[in-house]
Amino acid sequence: MSELKGETPFTNPGLPPHRPRRADEDPKAARRAEFQAVGLLVVSILGTVGAVLAYLFLPLSGSNGDIRRMTALMGAGIFLGMIGIGMGAIHWAKTLMRDHEMVEERHPIRSSDDTREEAVQMLKDGVEDSGVGVGRRGLLKGTMLTALAIAPLSVAIPMIGNLGGDWNVGQIKHTMWRKGMRLTRDPEGTPIKAADVTIGSVFHVIPEGLAETPDPLEEKAKAVVLLIRLDPRDLNVVPGREDWSFDGIVAYSKICTHVGCPVALYEQQTHHLLCPCHQSTFDVANGCKVIFGPAKRPLPQLPITVDSEGYIVAQRDFDEPVGPSFWERLK
Amino acid sequence: MHSLASRRYHRSAPLVLVLALLALITVAYAFFASAPARADEGFTDAQVAGGQKLFAANCATCHGLNAEGSSFAPSLVGVGAAAVDFQVGTGRMPMQASGPQAQAKKPQFSQAEIDQLAAFVASLGTGPSVPTAEQVDGSLGDPAAGMELFRTNCAMCHGSVGGGGALTEGKFAPSLFNTTPTHIYEAMLTGPQSMPVFNNANISPESKRDIIAYLEEQRDEPPGGLTLGSLGPVSEGLWAWIVGVGLIIGITVWVGSRSS
Amino acid sequence: MSKVTRAANSTASFVDDRTSIGGFVKFFSRKLFPDHWSFLLGEVALYSFIVLLITGVFMTGYFIPSAEQTVYDGSFATMQGVEMSQAFQSTLHLSFDVRGGLLIRQIHHWSALMFTAAIMMHMLRVFFTGAFRKPRDINWLVGFGLLTLSLAAGFSGYSLPDDVLSGNGLRILDGVVKSIPVLGTRISYWMFGGEFPGDALIPRLYTLHVLLVPAAILGLVGLHLFLVFLHKHTQYPGGGRTHKNVVGLPLFPVYVAKAGGFFFVVFGVLTLLGALMTINPIWNYGPYDPSPVSAGAQPDWYMLFLEGALRLTPGFLDFSIGGWDVPMNVLLPGVLLPGIIFTLQAIYPFVEAWATGDRGERHVLDRPRNVPVRTSIGAALIAFYAVLMLAGSNDILATTFHMSINTLTNTFRVLIFVLPIAAFWVTKRVCFGLQRKDRELALHGHETGRIVRTESGEYIEVHQPLSEQELWLAVGHDNLTPIEIEPKTNERGVKRPGYRWDRFRQALSRFYYEDRVEPVTPAELAAAADEHH
């Protein structure tokens, strides 16, 4: 083995003298150790039996108490059953098995030079036998490598390609909100009258007819909205969006623009919306702009109005994709 | 003949009639007008008067003698008896210092006194009233429906089983484990401090009862064993390290040590 | 010969005739393993994995990996009549209507937490003792692969029940993937088979979790153990232990009993956790729906570092180039940070070996104090990781300790830079202090506390010289110095190519080894001994 860098100049004093254990010298101590191990193993047997009995005979009527008892008692039985064996075996090894330290030589991991030479020679012989030695039959080697390299593609491409479904990525830019679509309560689906939304309320909203769409969860994942009413004196309407809200009632997308969790915590007094996942905070009184946290963009606003019966309806879809940023979001 | 009708042309007849009409209207108004406010809560005049005294002594410094509000406390006109019963009943009011988070503490007043305060505030303007025993009886509610509603409207602040959660700037939504059904109902109805208002058009009284049923169901024995505070994966990870790794390392050191 | 012996002999013969198992027995049965508790940490991971396999197989008998909607009609009251996926419903059924089902589920999840914890503890032990040096650097890579796979196994596993908590975790994954420039949305579509959440997600996670990842883990574990046997285990420094031997006790019977018994111990402890402590109570979270979310929305502990990074990275990093979004506030913590950390982790043994200029095989472990820079780097990385984990729990900290999440977040934003540097510096100083103490001990021995008054009136404290074994521990370690490099110019005064790279290498080597406490030399020791007489 090569000399190791920085090795100490001191010489190794050799193995320390062996210290006998009590059980090595005193037969009574050895007997005691044996009984301790036996005791542990007996505990194990009892535990195993207990676990099986618990499985067979404990009632499971469906009440929480029954489930808790079954879990705890079966578990306790298995616990004792296992740990008894474990500690019994380990105790036996520690007290009764011979513990004189033994020494074994290490051999270098590296193969000997002879072996390496022989191995290299074998490989060379093999290459010669193959008829494609260095500089020979280049075309054969080249085409073999090419064919091998591209062969997996015939399986990999369909495998990967099919996993993407219809690959219609443009869908994520639009939601199901349309002109005149009523805002309804989540999860009941009942429409909301403007008069119901009092100052300080927050309604969790889904579009009318969500349950009848072919992919309700996928639509819901984009279309959930928060409906909030502020005192109009507190609300600073975003310029250009004067007709998107009315009388202090505003609607914003519930999908966080950070990484997409529902932004659901509404603080009535401060008019702040807090997302519980990464603590992005949005100010409802100021166009839901970000005032703290890792999000950058304000929540998209849903333009709303009231229909002839007094129910709140959307004017059209959001004018930007909801949720987190992605490469082609604005294109 | 001296029938009443023959006196109708007496010169004092109009005056008597007007006075009689006024008396009739006064009695009718006193009977009907106070009935809605008082028949619902059953508040008496004595309670209103007692409440006014208590209010002046304990609340008026911040809220004004007629609860009209001031720069550091909002007006209480129209908040209703429910709000008072909640705020004072959970000890949040009187507040030690004005601020957005009112800490629940030991209530300063007896329920009788709280009723008086509620009566007084309710008399200032109509507002949500204290729920009846039937409205907050969880055994009449559907816990599964309650859980769906709780999950959508409440869990993001209060945690999935009402263990509490953080809001911004040091505020928090408190744990609901020890809150009475009446106070839960009232909090939903009145939207105290940071909590939004869940009026009866948003969450109907039956739905509120369903939510109470769900929360009461949660106080039943947890099926999996110790709940570790129901705080989620963070506490689970902490206990995995403390109990699990701790036990394992302890046993590991024993395995590797020399026997004496 | 007794009947048992005869039976054993004929069985052994039968097998050996067909498998030459005799050679195998010769090689393995009396293999020596050094005895130290810290060598058992890898086994904790292995045994946790076996428990995961056993409990996992049990659960495959009940779990239905389908997102198809159904209505619950089982015994749990708060879920009655609720619409949910088959995945969620079958998990509820397993928990409440199968005898011992909840126990098995809980054991499984606690084992997953323990598996990743054990891997990290084992990795730290290997790191701090330098067990990753040649020839074990490739085993470090195998271990790194196992660590990554364990994270994948855990994440895919807890997402299977399709509950609100793990579903929001998948939503976050979708958001992170979408943030990748150019290909983000396509990768997201590929993973979910379309828009989020999609029907394909649960079945795909199931295949990953039950087939692909465990198969990969088993393969790598086999390779990992094979290499341990081939290289033989490392050993702590001590009398009689050199780079050319291994001192310990034989596999059969001692380690069969100790390691085999330890499996049962780990199984038992994991069962105890599953029996008494609730974990992942999905009946409280409810079936996944994109609308609800609960306070305390965190992933399992081993993903918390990513969660913390996502919470700390400020939003102003989100920018666009020519109308194309580059959300660096998500890319940095979600993609770049783990990429960089994992890469550095994987290549570390090679970097350190390159900086050390050492090409020999190392089989004796380092005491951490004797390799101050490596130990300090480890301390700094632990500090970094700890800050990220705390940041990921900031709302739980706020709720429990009545603090403000805003203050906590801003504090962690500062600490993430300051604490690792401080940890590095403090650890390095502590290591030097300990090394100096070793020098003191070697030269002057233990203080006995016995004061002796000499005839001339002088008071001296009697010192007990170190025993041979103790002395070896204090002085017997390697003293590594920075590498030398060839001069800048060759004999004709021309700057040689590759000089810049060599200088960089030397700078790194200096960073590691320039500051050091010289160990005691034999001459110093002799001089000190004379002095004391």
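As written, the chain order gives the labels A, B and C, with residue 1 at the start of each chain.
In the analysis below, a contact is a pair of C-beta atoms (placed from the backbone, for glycine too) under 8 Å apart; a residue touches a chain by one contact, two chains touch by 3 or more.
Since we're looking at a predicted model, the values are computed, not measured.
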*Top chain pair, ranked by number of contacting C-beta pairs*: A-C
*Would you mind checking which chain's mean C-alpha position lies nearest the centre of all protein C-alpha atoms?*
A
*asked:* On a C-alpha centroid basis, what's the spacing between subunit A and subunit C, in Å?
replied: 18
_Could you work out how far the Cα centre of subunit A sits from that of subunit B, in whole Å?_
39
*Could you put a whole-Å number on the gap between the CA centroids of subunit B and subunit C?*
50
*Mark out which residues of subunit C touch at least two other chains, giving numbers and ranges.*
95-96, 102, 106, 258, 261-262, 265-266, 269, 272, 275-276, 289, 291-297, 394-395, 405-406
*Multi-chain contact residues (two or more partners), subunit A*: 67, 71-72, 87, 90, 94, 99, 186-187, 204, 262, 264-265, 276, 279, 292
*subunit B residues counted as touching two or more neighbouring chains*: 148, 152, 156-157, 165, 168, 173, 222-225, 251, 254-255, 257
*For the subunit A and subunit C complex, residues of the former touching the latter*: 1-10, 12-16, 55, 58, 60-62, 67, 70-76, 78-90, 92-94, 97-99, 101-106, 108-110, 160, 163-169, 171-172, 186-187, 204, 206, 215, 217-218, 220-222, 224, 254-255, 258-262, 264-265, 276-280, 290, 292-297, 323-331
*Name, in rising order, each residue of subunit C that touches subunit B in their complex.*
35-41, 44, 77-82, 95-96, 102, 106, 110, 113-114, 117-118, 121, 164-165, 258, 261-262, 265-266, 269-270, 272-273, 275-281, 283-286, 289, 291-302, 304, 392-396, 398-400, 402-407
*Inside the complex, what are the residues of subunit B that reach subunit C?*
143-144, 146-148, 151-152, 155-161, 163-166, 168-170, 172-173, 214, 217-218, 222-228, 230-241, 243-245, 247-249, 251-257
_Contacting residues of subunit A [partner subunit B, same complex]_ = 19, 21-23, 64-65, 67-68, 71-72, 87, 90, 94-95, 99, 185-187, 193, 195-204, 228, 262, 264-270, 272, 274, 276, 279, 281, 292
_Parts of subunit B lying in touch with subunit A, wherever the complex brings them together_ = 100, 148, 152-153, 156-157, 165, 167-168, 171, 173, 191, 193-199, 201-202, 220-225, 251, 254-255, 257-260
